[in-house]
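These are the structures, in structure tokens.
Shared chain: chain A. Partners: chain B in the first complex, chain C in the second.
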Partner chain A sequence: MSLELKNVEKKVGIETHIYPTNIKLEKNTINVLLGSTLAGKTTLMQIMAGLDKPTSGEIWFNGENVTGKQVQKRNVSMVYQQFINYPSFTVYENIASPLKITGVNSDEIKERVGKVAELLKLSAMLDKKPDELSGGQQQRTALARALVKDSDLILLDEPLANLDFKLREELREELPKLFEDRECIVVYATTEPSDALMIGGNTATILEGKIIQYGKTLDVYNRPENLTSAKVFSDPPMNIAEISKSGDTCKLIDNSVQWKSNVKIKDGNYKIGIRPHNITTYKEGNNTVEINGKVLISELSGSESLIHFTNGNLNWVSLSNGIQQKNIGENTKLFMNVDEFLYFDENNRLVNHG
Partner chain B sequence: MNKTINQKAWFFVVPVFVLVAFNAAIPLMTVVNYSFQETFGNNVFAWEGTRWFKQILLSERFHDALGRQIAFTFIILLIQIPLGIGIALTMPKKGWGVPVCLILMSMPLLIPWNVVGAMWNIFALPDIGFLGYSLNAIGFDFNFTQQPGDAWFTTILMDVWHWTSLVVLLSYAGLNSIQPAYYQAAEIDGASRWATFRYIELPKMKKVLTLAILLRFMDSFMIYTEPFVLTGGGPGNATAFLSIDLVKMALGQFDLGPAAAMSLIYFFIVLLVCWVFYSLMMKNEVKS
Partner chain C sequence: MLPIYWLINMSFKTTTEIINTYSLWPREFTTENYVKIFTDSTWYMGYVNSITYTVFNTLISVAAALPAAYAFSRYKFLGDKHLFFWLLTNRMAPPAVFALPFFQFYSSVNLFDTHIAVALSHCLFNIPLAVWILEGFMSAVPKELDETAYVDGYSFNRFFFKIFIPTIAAGIGITMFFCFMFSWVELLLAKTLTATEAKPIAATMTRTASTSGYELGLLAAAGSLTIIPGAIVIYFVRNYIAKGFAMGRV
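For the complex of A and B:
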């Protein structure tokens, strides 16, 4: 089982929503489409499902060309950001609806609905109507509807975006387990890098209608092919600075920071990308270098502290564990983990790692 | 917490109080006043108790008018609601067609009632009106000024023309508020067009349709101007709906007592039907 997009392109009027795209998704994988709003994730999913036709290019599923094949005839299911359920049906009827239409007998429906409901912790709510449920339960119902019919392709379009923080964490942890022993391809669209890391599998970074990089999630994260992919896969945004290297000495272009590096690249000018969590108020890693900064904003996010500061002409973001109180305007010292620096050449390609 | 007492606050309530008193309570009380008394003019009143109410409730004339009214309202609801939904479903959802359709649909609603009556009167005249003349030309013996059936046909057609737009606009608004994802979900499930309508569109339109039915019920149940101009309640009493009959009684015959009693009964019927209908429709909503 595999899903392959061959040179798929989508234009609406004179606007290009998806540039010619090639991607092959394999059986029993979870694939994250990671990109900001309007990057083209939803369009790509709708093309994969057959809800929308590409302007050009082909979609192959299991060695069959399914371009233009109606969605009803493809065994797919989809979950949306909004909680989409039939408003006048009970939870049970909602989950059963895809099976009823395909004419599964009622005993089997009962069994399968019961099983999925249990998996999604909906057993106690089967007689309720969707608007009597919390947002989390409504989305669970929608997920159950997608899971009940053993689809070949399950598309999840930002399914957690409309949930509040707690419900979101809870469901996010459950999600990968739901698909564990299923024979299907799962596609999961999200704007949040942390979702991709949590879900694992494969990730495709997307920007402005183009797939930038596709591969194992951790590979894409640790070894982004280029600066764009690294930027898409970083939240808070990645710090980028220009440096020059000669011998084993690297320094920021403005000479404010200097460090020893054993990266095997030629001498010259490069860009480095530093993820915010690699700049901390304490030393982390074996190889750190100090950077002085003037605090712009200091904010807490859960049990982490985000400190925005300036050094030279650049604004930097750092993310430290624990509560690190800094005053605005304060001069402070932070530590950068040199081993985690990403080096990019003049074409913005990753040249080495660490 | 200490409450400060500020009697001046009452001054802010007074304008509303006066306004409501003048536009609702006082006129209504006048009617109530008339309904229990007999008057011969010159401000001479005699107490009659519930006599007028009994008289109206037992009178054949009232029964007939009420019967005609119920039949009329029932028929126009039966036509306008499905027709309105149907038109709304076929209207475009985007593009230049949207404003065109919306403007076309709003037109009938902007025309004053008596103008609608006059328009249709002329339109349906058997000798010179386009509708009347055409119907006769193709072999129908159509004359709404003389044949009760034709008068009903014309009145209903006029009301459908005038008011279906309201149902269309409300339904259209209801349909447009449904997120496209619902349609996609139905498509993925392989639901038929009918199932999509029945299980997604209709439940999602429930609130606006309740409103549409209520508005159309109230308006049609109190219809006066258009049939007054079109048929004057005739031929005979064929299209004398409650309002028309009421005005005949009050101003034509100057039977103020019975007319007042009839007004109140009329008012309570409208109130009761609206209340029952609304509570039934909203029964499930309250629960959640």
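For the complex of A and C:
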């Protein structure tokens, strides 16, 4: 089982929504499409589902060209960001509907709906209408409907985006388990890098209708092919600075911060990418370098502290564990974990692989 | 409430009492006026006729407006916005403008003085109205609902009748109410296009008034009865109307 997009392109009028794209998704994988809003994730999913036709290119499923094959005749399920259920049906009828339509006999429907309802903790709500449920339960119903039939392809379009924080955390942990023993390809679109890391599997970073990089999620995260991919896969945004290297000494251009590095690259000018959590108010890792900054904003999110500061002409973002109170305008000292720096050449390609 | 009270008050009086004395309630209570209406076929057929073409019209309007409204809410096509606006402008022209062409047209196709003629002529202003209201309700339903149904394996027809129509049931209820009301109260076209067979109640009232002087009690009773169908319809759709106001297209 595999899903392959061959040179798929989508244009609407003169605008290009998806640039020619090639990607092959293998069976029993969860594939995360990671990109900001309007990056083309939804369009890509609609093309995969057959709800939308590509302007050019082909879609192959299991070695069969399914371009233009009606969505009803493909075996797919889809869950949207909005909680989409059939308002006039009860939860039970909602979950049963994909089975009923394909003529599964009623005993089997009962059994399968019961099973999936239990899995998604909906057993007590089967007789209710969707609008009597909470948002989380509504989305569980939609998920149940997607899981009840044995789809070859399950598409989840930002399924957690409209849920509140707690429910999101909870469902995000459950999701990968739901797909564990299934023979199918799962595609999961999200704007949040943390979702991708949590779900694992494979990740494709997408920007403005182009797939930047596709590979194992951790590989894409740790070794982004280029600066764009690294930017897409970083939240809060990645810090980028220009440096010059001579010998084993690296130095920020226009700045006095310098450090020793054993990266095996030629001397010259580079860009470095530093993820916010690698700049902290305490020392972390074996090699750290100090950086002074003037605090712009200091905010708390949960048990983490986000400190925006300026150094030289650049604005920096740092993310530390624990509650680190800083006053606006205060001069402060932070530590950067040198081993985690990503070095990019003048073409924005990563140079320190591994 | 005063005009309605006075109308009902009058309907239980004799014509002599109405003309000669001022009384806040009937001195000589009589139901004779109502008895006359329900026993005289020239009277009660007026109601039957009015209800017949009104129901016809409501059904035709909603049946025609459902697919049209769906197209407007779901598809983009050349000139869709202009067409939508043009539909509404039909609503702005006074029906009197169309009385003559309708009269001539129905006469020439032998539909003059039939229920269907009146029902069809009322579609002139009811279909645009129905499309306008339904489009609002349909656009409030996310198009992802359609897509989810297709993904689940529903064909368009099954989706439309089994899922979509129940989803916008409130909208359909409201639309039917408005079509019913406008068709029910419209007098000019209904009067112009009928003679005896399909004569509406309002026309019956104006004509009978002059035959044996002014029978005010009888007229008041007839008038009171014309309120009833509207009241019944309102009773059934009152919850939908509240919802409709909340959704902002009514």
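Keep this in mind: the second predicted complex is superposed on the first by the 352 of 354 C-alpha atoms of A that agree within 3 Å, B and C clash if a C-alpha of one lies under 4 Å from a C-alpha of the other, contacts with A are read in each partner's own complex, and residues count from 1 in each chain.
Rule of thumb we're sticking to: a contact is a pair of C-beta atoms (placed from the backbone, for glycine too) under 8 Å apart; a residue touches a chain by one contact, two chains touch by 3 or more.
All values derive from a computational prediction rather than experimental measurement.
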Task: Determine, for the superposed arrangement built on chain A, whether chain B and chain C clash or fit.
output: clash
Task: Could you tell me if A:E132 is touching chain B, chain C, both of them or neither one (first, second, both, neither)?
output: first
Message: Under the stated touch criterion, which partner chain does A:Y86 make contact with: chain B (first), chain C (second), both, or neither?
response: both
Message: With both complexes overlaid on chain A, does A:V8 touch chain B (first), chain C (second), both or neither?
response: neither
Task: Applying the touch criterion given at the start, work out whether A:I272 contacts chain B, chain C, both or neither, answering first, second, both or neither.
output: neither
- line: In chain A, both chain B and chain C touch residues 46, 49, 51, 71-72, 76-78, 80, 82, 84, 86-89, 97-98, 101-102
- line: Per the touch rule above, chain A residues touching chain B in the complex are 46, 49, 51, 71-72, 76-78, 80-82, 84, 86-89, 97-98, 101-102, 129, 131-132
Field: List of chain C residues in touch with chain A within their complex
entry: 142, 144-145, 147-155, 158, 163, 166-167, 169
Query: In the complex formed with chain A, which residues of chain B make contact?
result: 179, 181-182, 184-185, 187-191, 199-200, 202-204, 287-288
Task: Flag every residue of chain A that touches chain C in the complex, lowest number first.
output: 46, 49, 51, 71-72, 76-78, 80, 82, 84, 86-89, 97-98, 101-102, 142, 145, 149
